[in-house]
Structure formats: C-alpha cells, structure tokens
Amino acid sequence: MSCAQDMTPRRCLERVSLMANERVAEGVGLAVFAAPGVARDIRSGQFVHLRIAEGASFILRRPFSVHRAAGDRIEVLYQVLGVGTRALSLAERGAEMDLIGPLGTGWSIPEGVAHALLVCGGLGAAPLGMLAEELAGRGVAVSVAQGAPTAERLVARELFSAAARRHEIATDDGSAGQRGFVTLRSEALMDADAPDVVYTCGPEPMQRIVAAQAARRGIACQVSLERLMACGVGACLSCVVSTVHGQRRACVDGPVFDAAEILWDRDESPEHEG
Amino acid sequence: MSCAQDMTPRRCLERVSLMANERVAEGVGLAVFAAPGVARDIRSGQFVHLRIAEGASFILRRPFSVHRAAGDRIEVLYQVLGVGTRALSLAERGAEMDLIGPLGTGWSIPEGVAHALLVCGGLGAAPLGMLAEELAGRGVAVSVAQGAPTAERLVARELFSAAARRHEIATDDGSAGQRGFVTLRSEALMDADAPDVVYTCGPEPMQRIVAAQAARRGIACQVSLERLMACGVGACLSCVVSTVHGQRRACVDGPVFDAAEILWDRDESPEHEG
Amino acid sequence: MSHDVDMRVRIGSLELRNPVMTASGTFGSGREYADFVDLALLGAVVTKGVGLEPWPGNPAPRIAETDSGMLNSIGLQNPGVEAFCAADLAWLRTQDVPVVVNVIGHTVAEYAAVAARLSREDGVDALEVNISCPNVDEGGMAFGTSCAAAAEVTRAVREVTTLPVIVKLSPNVGEIAPIARAVTDEGADAVSLINTLLGMAIDTRTFRTVLARGVGGLSGPAIKPVALRMVWEVASAVAVPIIGMGGIMTGEDAAEFMLAGASAVAVGTANFVDPTATTKVADGLRRFCAERGIAAVRELTGAART
Amino acid sequence: MSHDVDMRVRIGSLELRNPVMTASGTFGSGREYADFVDLALLGAVVTKGVGLEPWPGNPAPRIAETDSGMLNSIGLQNPGVEAFCAADLAWLRTQDVPVVVNVIGHTVAEYAAVAARLSREDGVDALEVNISCPNVDEGGMAFGTSCAAAAEVTRAVREVTTLPVIVKLSPNVGEIAPIARAVTDEGADAVSLINTLLGMAIDTRTFRTVLARGVGGLSGPAIKPVALRMVWEVASAVAVPIIGMGGIMTGEDAAEFMLAGASAVAVGTANFVDPTATTKVADGLRRFCAERGIAAVRELTGAART
C-alpha cells in the first residue's frame, strides 16, 4: 500500500484481497474486500477504482461505489454487465486485486438535517448503503424509495429496511411493492415526509426526474452520476459532466453533484441503450 | 470436441481439463490433462497446440510435446519461460482449456531396430518419454544420454531409467552424472552400443552435434526441432525449417525430421540467446 | 437458430452464402483447416498470396506475439501460380465454396500475368489483388501506398480478367480513402481492408529484433479499432462493396465491421487462436441478427451512426 | 539496487535525471498523481496540451476500451495558457522536476503565441509542440501529417523561443521519417512519438459509435509494435534525440524503445492502469541495466540490431 498517513484522507493504491464474493440478486454480486486503508478513510458516496485482472486483454480499472465499510473491510455491490464485472463475478475468495481509493466527493450531509429521502433505482442502491446507515446513526429520519425491474433484482433490502423509517419499493412488473417507476414513490414520499434533502442514484433519466421533483418543492438534492472513467483521479478528462460551472470531472468533482448544477442531457451517460 | 472418427487420426479441437499440475524439477511442471480424443490417437513425438488462457492479453496457442499418454490422459512436461507457461504453472486442477492435436509427424521407428539411442538436453526429454516406453515395449534395447544444467533441472529420470538399459547423465556443474555436455555421453554411447537409430531433442546446437556424431558413424538420426508457431496446422508458414527439400513446416512436416535433411544454422531457433 | 436470417451478400457479381470469408495467408488454401471447418459453411475461401514464380519468403523467425496481436513477416512465401493451380486450386475446386485467389507480384506485369493465368482456370471466383503486404521489399505495400501505383496495378489486372477484382488496401498510409477511390476509378469491383500495420518487437535479452527481417505486419484484436476506422472512412468515399477485416474474433466483431460499412468480413489471426473461428463468427453473426429481428444480414452494412 | 546505473539522459540542452517522462494528457499537470508518485523521481512531467484560449474539448463519451488499449477523444480540453500559468504551472514550479509544456493551436500563429507566452514564464524547461492530436477538426493532426505544415509550425515556434523544442509526431502518416526530417530541419531539438493512432469502436447494442465524436485516438499496449517501428525508422532518419512512447507498461517496454533508438520515453495509458506506473517503469529500467551490467542507461539508445 503506497498510502501516506501524514494528512487527512489521501488516495492510495491498495493491494486488497477478496474475503467473500456471492450472488445477492439476479445478475448482482456482493464482493467483500480486506482493504484496511480505504476502509478507514472512505466516506459514503465515494468510490474505488478496481483493477480486476492483470494480464487480461482489458486493461482499464472499473469504478465501484463502496456500499458499506466496516472494520478493515469494504463491500462492493456490482452488476454483471461486461467483461470486467464478469471476471469479478468469477473471482474466488483469496483472490488478490488492487484498487485506488477513496475517490470522489461523496455525499454531503448538511448541518441540521432532520429528514432525508434516498431514492435509488437498480444498482443505484450501491452508493446509498453507507449513507443510509450513517444518517440513521446520526438520528436523521431516513426514507427510502427503491426501484428495480423485478423483485429478483432488488438489492440491499435488509440494509434499507433496517436503516429507514419508511422503505417503499416499486418494481416494473409489480413483483414487489408498487407496480411502476420508483419516481411515483419518490414524489409521494417528498410530499408525505417533506425531507430536508434528497439523495439519489440510479439511471440518469430517473435521477433527472427525482431532481426535478425535489426542485419543484425547493428541496436540496444530490445526485451521483456515472461516467466512463480512465484515470479516476482527475487527470484524463474522460469523465466530464456538463454543469452550470462548465465541464466538471465526475471522478474528483463528483460523482456526487448538487442536482441544481447539472445541465441534464448534454452528455451521454454510460447506461444509455439508444 | 469437433473430432471426426471416420478415418485414421484426424486433428481435433478438444476441450480438456487439468487433472494434476505439479512442479517436478526446477522451473519445470508436469500437467496431466483428461483429453480422451488426443490420448487415443497420439503417437510419440507428436505435439498438441494448447490454448492456455482465454481473455488474456496473449492470444496465441503454445505447442507442447506429449510426454506420455495413458488411458484418456496425456502428460505435458513444461518449462516455465514466459507469460504462457507461467499462466500454465498457476492453473489449478479442474481448469478447462482447449487444445488441437495430435499434430506433427512424430518419431518413426524403422523396421527391425534392435538398439536405439535417445539423446536429450533439458526439456528435450519431453517428446522422448513416450518414445522410450514404446521402444522398450517393443523389445528394442534403449540407451538414453540425458543432459541438464544441474541435477535439479533433470526431468523424467525415473521414466528413462525404467525404460532404458543404459541411462547416462551429464550436467554442466557435475551435480549429477558426468560433468560437461551430454554430447560427451552420446558419443560414448554411439561407440559402445552401436545403435541402429538415434533420436534427439534439445537445444538446436546440441542436436546438430548429435546429428553429426551419428552421421560420422553412418547411424540414422531423427531430430525434433522447435519453431515459433502460430497456426500449428500448416497454414501460416511461420514455422519453417530450411531443409535440402526447401522450406518445410515444423508443424506438419516436422517437428521430427531426418537429421540428414536439415540445413543447420540457416534459421534461428527460438531458444537462441544471441 | 429459431429466426431465419438471410445471410447472403453480394460482392460485385459474386454471391456469397454468408459474409464470412477467410483472410489471405491465414488459412492456407483451406485444406489445412478442413479437419476443423466445413468449408461449405463459409462465404468464401481466400487463398494465400500467389505469385508468378515461387517466392521463398523471409528468414525465420517470422512471427512474434504482441499484446492482443501478433507480428508476421512471412514474406509471401508461395510455390508460384503453376504449382498453385496444380495442387491447391485442384483441391479447392472439389470443395463447395467460392474461391478468391490473392494475387501478388514484384512488378505490375507480374500481377497481370498471374491474374491472366488464373482467369483461364476453372474454379476461381474472384481475384484479390494484394497491394499491401508490408513484408517484402519490392512488390507488396509499395503499390498500395501511392494512388498512382495502386491505380496502375488495378488497371493492369482489370484489363486481363473478367473475374470480380477485389483490391486489398494497406493501412500504412496517411489517408486511405484516396487510395480506395483510385482503385475503384480503375474498375475494382470491391476493396478489402485492412492488411497488417507495420510494426516491430525487440528481444530485450538479445538486443535484436524478434523478427529476422526487423519489421513485420501487426494483426489481431489489437488493430481492430484502426481497421474499423478505415472501413468507416472508405465506406463514405466509395460505392463498391467493402470486405472488412482486422482483429475479428467473434460474430459481434463482424457485426461491428458491417455496421461501419463492410458488406463482408474476413477472419485472419483468429484462425490461429481457434481453428473453428470462421464458422463461429458466421454462427455468431447469424445469431446477432436473429436476436435483433434483423431479417437479412446485409441490413447491417453501414448502419452505424455517431 | 546493488549496481549503480547512471540514469541521466540529455534531450537537447535539457538534462533529465532519468529517461522516464509522463505522456501529455495522461498525467494532468502532475498534481493529480502527486498522492501516488514522488515527482522528483521522474525525468520530466509533460503537461496536457495548452492552447491560447480555453478549449472546451469534445462531447462525452470520450473514451472506449479496446483489446489491450483504449480510444480517447478528449479533444484537448484545456483552460488556456493564462489559467495554466496561474494554476498548474505555479504549482509545478514548486516541484523538483523538469516541466515540459505540451503546446497546441488552431493556427500556426496560436502555436507561436502560446510558445512565446510560456517562454516568458519561469519553470518551463521545454516545449512539446503537439502537431499530432487526432481528436480535433482544426489544429492538431492536420499540422502533423504534411511535411510543409509540420515545418511551418516548428519554424514559427522556433522563432519565438530559446527553450528546447520537442515536436510530437503523428503516427497517422504513410511515412514518418520525412516529417521528422522536416521538423528537425527547422530546428526542432528533439522529436517525440507516437501520438495516438486514429481508431473507432461501435456499440453493437445501439449501432452507434462508442465515442460521441465517432473516431478517437488509440493508445496502450496494442500500439506498442507500431510505435517501436516508427521510433526505429525515425532513429535512422534524424540525429536529434527521440522521446519514445506508445504502450509502455514496464521497464522492459521502456528498454525496447531505447534499444529501437529513443533517448527517453514517456508513459501514458499505463498511468490509468497503475497510478504508480511511471516510477515502476523507471525502477524497472534501472534494474534492467543493473542486471546486465550496463553502466549508463543511455548506452541502450539505438543498440538493437536485426
């Protein structure tokens, strides 16, 4: 680990080993890494940049939010999409990898928040895990609106149920919770709970709707955006997000942004399906 | 397995699984594969073209002689040199790979052979294993001259000792057998035993000397040459050997050649160290 | 395959069963792979380069492995057109597959002579004029890197044959579109691209180039992005069909080339990785279409947008 | 390290502690990597491209992964030379490392203006004139693919600065040696190569190019063979030092480039793979020499033979 300890959280390159790796939902795995450096310093909403395989024909790292951190361990909740996440899903206990972290801005918890609403779609649940526990630990009332295509693809249900006072679910096919989009539940919860702040992560079109719902009610809203990333540390300018302040880098100026700053639809986010 | 059985040995692409893989000498491993198709058809001196890893940054197959074949299994004796053999050395029991085989000409055993001399240097022992057992099984008197840098790098000692009437060893440092080159032993054995045929495999300069020793005595000599190979099936012309008949392909016209046909020193063999 | 996909494509007057051909020099004359591949399942077999007289090729080592690719400097070793007709072509004629012969020459006159000779034979369905081999000093790439020379070779071949003429282009140029225009202006029925990129590797143990000749041609997945870009550029420059190649390993790769503008594709280095690569690519391409409800594979050609 | 290896190399009047530099655009201004790398261990930091005014760069997506490589179409996003001097350069001045600024322009006059402006600043040790970016429509590669334009830019920069001038060459040319000669004839003190190869990738789900701009620049191990070949060609064409780059991941890769003719090397894409790549390459190169009893790393330069 080439991580200096002379100042507050610096990013380090940390050799980590896989302690557990299991399927937790349809096409979703949970990887637990022994990563003492990052586990100590990470804040909710930050991410790590993981090198899944050496000697493979794919060379770039993959960014993953830290879902939870406890002791010297971090948990990563990942969806199996392409060559990298497939390789991760096949990695076995004891496998060694390395990662860079903690990276990015993380969620900010404004002073005096009494009630927070977390809105997640699909794997958007990943970066909201630590936040839910942290808010609950601070005595903030937490509501969660969670969406997924079907019940089998809901993740982190127990975590949210334990941390939240209200945990409402929407699925596209109605196999759990309300049938329909999670934005129906988020809107209802904004009206019901009048939260001080809304945190959201998920497909960008969903985040945009949630941001608009919050804006209409004058509620502060933070979004977490995904971009293709090469360096993860602010050097390569591959991960830009169009904002009212110009092009910002999702890896260092984000991934968490104040929703009011985002110029939606200027960029293509990686989930787009044309 | 896409191997047709309508005619005598066709080459097939066979999915194989690793049954055992262990270090047997310094820098040398022995891999045992369940490979029923190849195990059935292989003849001594032939080789297989192994795809060690999928998704790796190296893409070509690696050629390996079949050291022994028994039942549905084949044994490959390999020296750890570069990225491919390193990956092979890390593969665990149960790993799946695929190979093409049986490939190449194999050793030929002339009618009426009573006494054969096998001369091997280093991993040149690999393709001579099956041959030694086959000759012994046919009642041919077998002598083996075996060389290596040190005792720790001698391979297949037991196999040769069991199959051969005489098994003489030379090591560069004298840590086993005579100190010096194996070509001292091969010359002595040619004179002592007057073999009908000499089979040799090892570094090309050594094979050349052995071929000359045999030629001077009028003894038939077969050599097994290594070349860099892409296709392994005769299509790409990367593996050419300069012979009195022109350029021949080591993968289909060889790797075993009549020593008298070889134009030595026209080509660079892959072991060259400049 | 549940959906039925029309896999036929046309390259000039040549109708292919499916768009998957072999790349010259990587499949011998087809015979070498006959244990692994039912040739009747291929769009066409493209032979290795055939010259007027035998060519000896380059000294060994002739290949080197590189990350996601390989270098070769085979140097167009071949037995000459007479031996080719007597052996390889005679065998290929017995097979149920269109045959494209890759034509090489040291001079324009040699290209024409080989083309003329082949045009008199049965069982040759098209000629691929190779003006892009980076592995020989005279002949080969020199003809493919200038518009004038490329045009001259094409004209000379066109004059002596009525077979479809495919000209194989070199990627070792600043701009490939002008070369493509130059050869189609002279009557090329199609262009194929890319041949290999000039590259080299050095053995850090010996301080010598890995290839005896020094430089060689880079092929395999490493070059796919360059090949796709060139197919895309040529597709917007000429109207004739394009045969795309460079690093194709899967049906999806083939689809990428067709989307970029190719009407057919060729599989090269992948044969060395998997001797059944050609038919796997063809199957994969069919599946690609079937899964998307695409009725005819030719609909893919040029369908990509920025 | 048991043996002591003299790692110093000279690029014109510039003396470097060791031959390992950063490749422009892949290391920010060095600050972004300061958590991982002690900059004092590097030969030099080469900054991202700096223009006269701010450049917005290209729309996203700006990168795509390919086999053993990646495509980028960042498009030279930069805040302009004034902001660069005020922020990045001010910070870099406080660091114990030579600074090379990568200079870009839409016009010859802009290149000259940026060069002149930077020459008035403390803490700039050399200029790298980028005539080879494939990711912008005007400026960039257009200057690097014709001898006349390359010469003109070099001359204009040469006239306004006494700093060492390094010209960064494009691989997207038929022959690179003439371009190298053209810029050294105009007084370039060194050349650096290669910039990225033009490539593209297509998303087979969406039928759209992965990069918003369509094409982009290919970098990483995939292009190393092409880069080595071009360094080899340029080394036999010009007498000035060469800074070699393209896919360097390890000290051995760096040694390959030096053996092919480079006096120094730059590490680009590898930084993304491993943020400590630069120092690992420098350590590896030192070890490479030590293990072979090579007293000075500069002995490697041009030592390869066929």
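Going in written order, the chains are labelled A, B, C and D, and every chain counts its residues from 1.
Convention: a residue touches a chain if its C-beta (ideal position, glycine included) is under 8 Å from a C-beta of that chain, and two chains touch if they have at least 3 such contacts.
These numbers come from a predicted model, not from an experiment.
Chemist: Fewest touch steps from chain B to chain C?
Modeler: Counted as steps through touching chains, the separation is 1.
Chemist: Suppose chain centres are the mean of their C-alpha atoms. Which chain sits farthest from chain D?
Modeler: Of all chains, B has its centre farthest from that of chain D.
Chemist: List the centre-to-centre spacing of chain C and chain D in whole Å, with centres computed as mean CA coordinates.
Modeler: Centres of chain C and chain D (C-alpha means) sit 34 Å apart.
Chemist: Could you tell me the distance, in whole angstrom, between the mean C-alpha positions of chain B and chain D?
Modeler: That gives a centre separation of 47 Å.
Chemist: Which residue numbers or ranges of chain A touch two or more of the other chains?
Modeler: Residues 57-59 of chain A each touch two or more of the other chains.
Chemist: Which positions in chain C touch two or more other chains at once?
Modeler: Residue numbers touching two or more other chains: 67-69, 207-208, 212, 221.
Chemist: Help me check something: in the complex, which residues belonging to chain A touch chain D?
Modeler: Touch list, chain A to chain D: 2, 4, 10-13, 51, 57-61, 100, 227-228, 230-240, 247, 252, 266-268, 270, 272-274.
Chemist: Going by the contact rule set out above, which residues of chain A touch chain B in the complex?
Modeler: Answer in residue numbers: 53, 55-59, 83, 87.
Chemist: Which of the residues in chain D end up touching chain A in this complex?
Modeler: My answer: residues 25-28, 32-33, 35-36, 48, 56-57, 59-65, 67-70, 72, 74, 77, 203, 205-208, 212, 220-221, 269, 271-276.
Chemist: What residues of chain D sit close enough to touch chain C in their complex?
Modeler: Chain D residues touching chain C: 66-69, 71, 145, 172-174, 197-202, 204, 207-209, 211-215, 218, 221-226, 228-229, 232, 247, 252, 255-256, 259-260, 288, 303-306.
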